[in-house]
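The next part holds the structures, each set out as structure tokens.
The two complexes that follow have subunit A in common; it is paired with subunit B in the first and with subunit C in the second.
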Partner chain A sequence: MRVTVEIVGGETREVEVAVGDSYVDLLAPTDLSPHTVSILVDGTPVPEDQPVETDHVRVVRLVKGG
Partner chain B sequence: MVDLDPEQLDRYSRHVIMDDVGPSGQAALLDASVLVVGAGGLGSPVLQYLAAAGIGRLGIVDDDAVERSNLQRQVLHTDDDVGRPKVDSASEFVADLNPDVTVDAYETRLTRDNADELIADYDLVVDASDNFGTRYLVNDACTLAGTPVSHGAIYRFEGQVTTFSGEGPCYRCLFPSAPPEGAVPDCATAGVLGVLPGTIGCFQATEVVKWFLDEGESLDGRLLVYDASEMSVDEVPIAPNPDCPVCGSEPVLSSVTEAAYDGRCSLSESADD
Partner chain C sequence: MECDKCGTPAVMHAAYSGLHMCEEHFCRTVEKRVRRRIREDGLVPRDATPEDPETWVIGLSGGKDSVVLTQILQDVFAEDPRIELVALSIHEGIEGYRDESLDASVTLTDDLGIRHEVVSYDEEFDVRMDEVVEDDPEGMAACAYCGVFRRDLLSKYADELDADKLLTGHNLDDEAETALMNVLEGDVTQIAQHFDSSLGPFDADGDGPADRERPETDQHIPRAKPLRDIPEKEVALYARFEELPAHITECPHAEEAYRGEIQDLMLGLEENHPGTRHSIMAGYEKLAALAAEAYRSEDDRDADFGECENCGAPTGRDRCRKCNLLDALEAV
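And now, the complex of A and B:
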């Protein structure tokens, strides 16, 4: 299955996932750590260890500066 | 409701003349109170524009002193302020700009012991802080109190801004817990474009003014992500998260005094501690 991974404020990638792959695997082609982002499906974070069940996610970085 | 005197009708004439604001809208701004957490990069433009707009009472929370490296972006403070408490220079700026505004200066860090009392005294809170502990504390205390929050954050060329109404969704709906200590660099480590907090802080001030005017569409339920390098804006919907530990269907937090706001600010971890 191909999943569109939209990194908000960055690039959008098409990532091939195998059955049983989890959401954290979608970050493998990027330099993003799962601890520093939220992976969103329909505006809600999904647990990174859950199997992928969608064809589109948004990835939002945690930003702390002010 | 405040009646505008002749000097106020002059000072706010460009607001008063607008059908969308008018004398009653300006009176609502003069009647409003806002707590600004952080008088740094974001807090500077927020305080400048809220003071100029005539928000009647501004609280400023910050325990830092002005450093020379702040002056590239923290436009409330001047070279002569280096070494002084930020709340002092910020308060003086506001007082000089607009005598209509009452300033409450709190030279302290927002903590789980003082957050409820401080927040209870204001209609709205602006999160202009620079660390995750304070961000999660502001979110949790305000969500429990039903107090709206304007949220802004900056990193190098990227800025994020949204508004939480106090009735959900909240910051934890989007980011359930903070990253491990040091995983996300701060401005001192990664740098930040000096003008970026001006842009994001002005978005926040715009949201605050609109909130009190009850005008237009708020950012409630959507995160605006601004890329100053590409001059582009993305919008991310934020849905209420039924599993949110603060505003979800089975919340686990009833008071911020029960939680820990260091490390990952995880409510499940604190419950286990």
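And now, the complex of A and C:
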């Protein structure tokens, strides 16, 4: 499945995920740590350990660096 | 995924505890952890009374950490006549960046009805950080100058406001990074000072696990960090959920390269071994307590302290670091 990962204030990229992959796996191709960002689905943060069930997420940087 | 406490949709996962929480339960646990830290550190002394209250100065930058700290302290102590809160903001002369975060600070303190004092490097020292980084007479990072000036003003105004304690918004990530840096630099003196200046409980007979407390000192305003159990991301999420007026961008002069390396290392460890930040601090605090005790018994540092011959600030030398830096800037 392809998911559009939109990094707010940064680039947007398409990420290929396998069935059962979690939201945190969407960050793998970026240099972002899950401890510095929040992943939003329809504007609401989601727990990063949950399986991806959408084709579009926004990533908000909450913490500098990392 | 549902909240472990109520069954509504979870918005976050704390890997170190395994908990999934909804917005409501997440926010309540943040507040609960801050209240527990205040209790365990013995911040409210037994002899504080409505007739003789304590004054706490909150270092309010307008960033997420200090905004969350101010909001939670006001929620906890607004109705408590034993504690008076004053917010103190410092304008370092960083155009744009600090103007916006000061706006956030003013909005917050207006909303909360907290007394708010604003001081600036410009008015106090006739310097502005935007110019200091250009002149740079000592060949140092911007943060090195800024830290000296900030500590001087916080301590001066804490004194003028007759403050008993200075509270800052340092979070778990900040403290664990500092702990790692002190350990990796082998700086045991710094570790001992970290305990005595801000980590050690005021009252070891309180409810906390610590069996050592920090000594009283007349030289520096005692500091405390009530957010130091909360991971940085959770502080930011709290600010977002509670819709607090926090200003979130990085200082344009920030260049603490080593801290950045440590942050990468620490968050990598946290990802592979959830709970690393908490365990770093749990062990470090015990070691810091032992180091502080050993160093105090060796020599009483207070005995070496005098006053700066130029400005009267407490210093171990003839002239304080701030006055030396101001002289160097003057000479450019």
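Keep this in mind: the second predicted complex is superposed on the first by the 62 of 66 C-alpha atoms of A that agree within 3 Å, B and C clash if a C-alpha of one lies under 4 Å from a C-alpha of the other, contacts with A are read in each partner's own complex, and residues count from 1 in each chain.
One rule holds in what follows: a residue touches a chain if its C-beta (ideal position, glycine included) is under 8 Å from a C-beta of that chain, and two chains touch if they have at least 3 such contacts.
The structure presented is a predicted model; accordingly, all values stated were derived computationally and were not measured.
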Query = Now for A:43: first (subunit B), second (subunit C), both, or neither, which partner does it touch?
reply = first
Inquiry  = Just checking: does A:64 make contact with subunit B only, subunit C only, both, or neither of them? Give me first, second, both or neither.
reply    = both
Query = So, A:33: does it touch subunit B (first), subunit C (second), both, or neither?
reply = both
Ask   = Of the two partner chains, subunit B (first) and subunit C (second), which one does A:8 touch, if any: first, second, both, or neither?
value = first
Query = Hey, what residues of subunit A end up touching subunit B and subunit C alike?
reply = 33, 35-36, 38, 44-45, 62-66
Task = Mind listing the subunit B positions that touch subunit A in their complex?
result = 38, 40-43, 127-132, 135, 152-155, 158-160, 173-176, 178-180, 183-184, 186-187, 190, 192, 197, 223, 225-227, 234, 236-239, 241
Note = Residue set of subunit C touching subunit A in the complex reads 1, 9-13, 15, 20, 64, 173, 231-233, 236-237, 240, 248, 250, 254, 260, 263-264, 267-268, 270-271
Query = Considering the complex alone, what residue numbers of subunit A touch subunit B?
reply = 8-9, 33, 35-36, 38, 40, 42-45, 58, 60-66
Ask   = What part of subunit A is in contact with subunit C in the complex they form?
value = 33-38, 44-50, 62-66
